[in-house]
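I am attaching a structure below and will ask some questions about it afterwards.
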């Protein structure tokens, strides 16, 4: 895997100052959200801004653009080379001439960031027309198509005519990038530009951004919570916490010699390959013992990995708890008319696998590959079109709702969104005990309450939380409540649909550790869906790789990683950015002169 | 697109048929025999029977229904036994009047409410925005007929600028038509524009918080230009929805204004027909209204697809 | 929101007070006192029967509230379950209920009221029921779209994944979560009902005399526009206050329940 | 007079002779066929203007010749021989002669007429054509009422070739021909140049129909109409009275406002309760508050224009105490009744004050509105399902219709009436008047119904309009004499 950052021919930062931010503070009346941020960016420099959710990353970048939301006030100074104006407090008319021309921005959610009613090409052309960097409308369109080509859209002329909804997420983000780069700005701000994208697509977009800025010598301020991405993209890193920059330094320094406890915590929690003495992931709390990756250690580890892969892991030969045979699920949709032909979507095609009792199966695959559909069928929330699914002795296919009650005592599900999976209007007690309120169960209210208390304790929450409402909890705590709900009726199987992908890295490790513990403790069979290979690798012993509704590869986690067979799996493995690998790559570059 | 329209047509037919049955049955429950009314105070059982035979109201319901329903697709509503004349041309005249009134009022309301609603949204933190909002609040709270009466009192009786009431078809004397249509249209539009202003405002406010507007600003567009170029068309979708719903409701809802301005519209025809127990006419008016409502829906649906490419795709 | 609550409160207080006390009997004609202007005795003057307008305005609040409450109750009790049903059950049930709502939608309240007044005679009850029926589609739509939202959430998936029966999902999850939208709809419909009642009374299809009703007061005041305009002003003002109150309350509630608008409603 | 601009300046057209008149009315006909459709609107528009009878009633209530130049009554007062006017043609060009009289009268008796009014022709035994200009009508028995009835719509003369589509076309011998009818708006008449009598004062006359009274006066103010006839919003009169540009005529009509009490049902089956109501109601106060003092309080069901009118106000003076004691006597103190009020402006206005006055004597009346005509006819009139109601009885000389038929909705049942009435009808003119007065007194004594007042015929017109029939003594609105100064 070649990282473009190590590509030869890169111009080192010239040292000339491009952007300086001094004493930037942002707040509402009497309430400071971002405090005293100072940094400078040299021409062509690439700075990463990391920190957990709500730390003020986005506010900082919007303040630089002069686009703070109404009601927020900024103080301090932001200046861009070539312009006298301090962006803070400058009239909008002044900033308007700079925005889009000398500095541009790519936002996180490409679907909502593009006008849904305007063709992609026109949106790209608009930025040029606005700043009159092209002579005519026709030229703008020609240039727009050229820009779309330069961001490697397959058929740029066609793409220019498309509306945003006709493009995939990755394509939309390319359009955003084409737009941002159209006037060749000296500064590009990217606010989590790839979090909404698939791993493989993310990788392509990141490479594209990197390539583009390097080619043009554009300064880049890159916001992300993903440390691996920063390591890949940036030369310098700013770490933000609670509205302040707590640490700043070159990528190598920050990642291998973090000074601030918060940085270390972040780093430790992000590193899913490092475990403490008990084999558990590091959390922010336990990060003191964490040792950042070094070249030597990495080499050893690589060797060890190869060894594990070679040595066949103990085959789990228990009886199958889940047995899926020739599963098909076809959705008919888009039938806008009673006469029109319905379009068919094959969400699942001939899927067959088994999970033995106590097995931990990871399911990975790109967005839309059918992962969620598979889980929904397992949980009896959706019906297969064809094939058979037996879970803990219950046939799911063709079962009536009443027959599924038994199944659901045996199998429970945990969802992705920690907020959306809890009814905001119910107390924790009611949420957690809900699965007990089914025909056939006879617990009294007092018994249910007792069970809830025990369950909450098992997931690390106290009995005092029973009477609270979901919004009074953090994301990680909410996910614990979801887990408590899933486990209260002691199921044998737990299926989880991306349970940690909406969580901050700092809590992700906690939840993963908890899951691992509970699986052990309750002897659960686990089916775990994730797009994050590292997570699956940490938690699961087997993995199936899905693509377009089909299983393209199946095997032991380690061997699939070490030696992917199917081209898609290979691409997937290659695309996932791994903190260690990235840091090591940086270090190698940095250490080269020695 | 074509299947989408076909589908709408199918729905149209289903809704229409359901409505015919509902309306027919409901109106059979109406007390007050049209024969009795025609005979008035001196009815005798023999005369009544004779009249009912003449009207055909003594036949089985199902026969009456099918006879009536069979003509509907051809716009043939039959001959009213109360007025003894063909219903269709009568309704056609009235519908024309109502549509002119309502469409003009809606257009005027849109012309007023789009700029004001937008302004109210853009300036929502400033006094001017608050004033527009307050005025529109007040506008909604004033019953339409009161607005009509006040207009008559001030502009017709007081200043004498316009005739107080009455109607002239545009084809006969256009200048007179204009002078007569002005006040009722303004009365209708004043209330409608207040309603629409609020919808425009909220739609624009919503759009203003959209990401793509931020993108447009990031391109260097001024807030106003960003809103006009990127926001308004997006805001149009909810506004189209309300406009269509209001348009349909107003065709009968304008009856109070018709009454104030003595305009022979569909609403007043409905009132008269009900009073005369002209069941066929009532049925037919209601069906025309259902038809118009559904056609408006159809039209709006097409409009959506023009405005919104996302809908075009899903067809 | 507060302003709206105050205005609505005003109407409610007027209605309650008038049950126990009004300065004069609002129904009692006093031919000797007819058509008086405002005076300390008759704050808002008297009408052509010599009845005290202020008393009538106070008592009229009762009818206004009654019509609003009953109409809203009908629309709420029919429309909301229909909407929830349509939102929870896909396929035929949804199609049928929504077609039903479509048909109803083609019958605006005024049309229903006119036809109903023919069927059942013009009365307060007819007006309330007609307005209620005319408002059903609004509730059905709001409830359906709310239900669709709720049904797509993961907490409902979770409930289904533990075999919760549909009714319990409707009661425990759907209803509490759409209650905000429905309350807003109630408030808005209330305002519309007040206006519709006024329009019906204007057409003579509303509350029969002598029970004071603002709409009918407006209607009868027409004869006096030239001579005693205040006879129209008072009921007009009362209607405006009530409608504005409910609308502003609705806006306020909407903002409460919809944080996305962030303190801004329409 | 449809142009707003011209109408807005009253003085503009005065130089040249105005040949058009626009009269505003409330209550449009549903069709033009009064032979099968009840209601006052059709004869109001068509009688005297398009259709004419052999005889007519003048403004004083006297019967005058019209298509008949003169008539003779036989000794036994059963045969009437009419001498017809010559040179009379229908608007379709056909000549009017004795055959048409025979045709028209016999048609009333045939199935072609589907109207309760046709009963008024039951008394006719046969019609004999003596010559083209002479016709004899033989009655089964002498009748004072019949000749008067011939002035009403049953006496209208039709042409045999002109009765095909009576609902939409009207062909008569009158001074006007029907030019056009825009439903929901207006009926236009054009003066006939081949009219036999004095030509109308105007060339074109338009009846414009409005939904309510306020609209009519608004139209008058803004110049769209010239006359508002039978104006239904009495309070508006005041502002016109003080304005020189307008004239106000306060005529009478032959319509009585009858506060009806169901004589056949409790509590009004007790004469004392009915009498209590008569005493409880201050009729003058009713007129003053509900109808702005316009209207005549007469105390009995006969308008002053009828030959047998007399003032009966003294029979039941306003006396709440008396009313209370009568109620007490009847044992119905604190009486709860339902008051079924038709949806007409006069009815709702009157009902409010009546309810208030009744409550003063301890009768608690709850108003229930009944849509007029549909529901009212059905419920009150046909099914007699009511306790108290109020209605304007517009039919001319309708005392016997109302009180000489126990099955009538009033349910007034007094054996004394029928022989008295028959006697009077057969008697000579003086005997007729005397006999009828006795009938009326009997009715009033028994408190058959409370005639609140005689409905006024209020006309508001531009100052320059002349010849407006001030009193509405017939069902017709005669446009012939209306013209400009």
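Per-chain numbering from 1; labels A, B, C and D assigned in written order.
Heads up, the rule we're going with is that contacts are C-beta pairs under 8 Å (C-beta built on N, C-alpha and C of every residue); 3 or more make two chains touch, one makes a residue touch a chain.
All of these numbers come straight from a predicted model, not from anything done at the bench.
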Work out which chains are contact partners of both chain B and chain C. A, D
Please state, in steps, how far chain C lies from chain A along the shortest route of touching chains. 1
Count the C-beta contact pairs for A-B and for B-D, then tell me which is higher. B-D
By mean C-alpha position, what chain is farthest away from chain A? D
Go ahead and note the Å separation of the Cα centroids belonging to chain A and chain B. 51
If you average the CA atoms of chain B and of chain D, how far apart do the two points sit, in angstrom? 39
Chain C to chain D: how many Å between their CA centres? 43
Inter-centroid spacing, chain D versus chain A (mean Cα positions, whole Å): 88
Scan chain D for residues touching two or more other chains and write them down. 212, 371, 374-375
Sequence positions of chain C contacting 2 or more other chains: 117-118, 222, 225-226
Among the residues of chain B, pick out those that touch two or more other chains and give their numbers. 31-32, 157, 259, 271, 274, 277
Name the touching chain pairs, please: which are they? A-B, A-C, B-C, B-D, C-D
Across the complex, what residues on chain C touch chain A? 153-155, 157-164, 168, 172-173, 176-177
Considering the complex alone, what residue numbers of chain C touch chain D? 27-29, 31, 34, 48-50, 117-118, 121-123, 204, 208-211, 220, 222-227
Applying the document's contact rule, which stretches of chain A touch chain B when the two form their complex? 65, 67, 70, 92-93, 96-101, 104-105, 107, 109, 112-118, 126-127, 130-131, 163, 165-166, 176, 179, 334, 336-340
State the interface residues of chain A toward chain C in the complex, per the touch definition above. 376, 379-381, 401, 404-405, 408, 412-413, 415-417, 420-426, 430-431, 434-435, 437-439, 482, 485-486, 489
Across the complex, what residues on chain B touch chain A? 3-4, 6-7, 10, 125, 210-212, 214-223, 229-230, 233-234, 307-310, 313-315
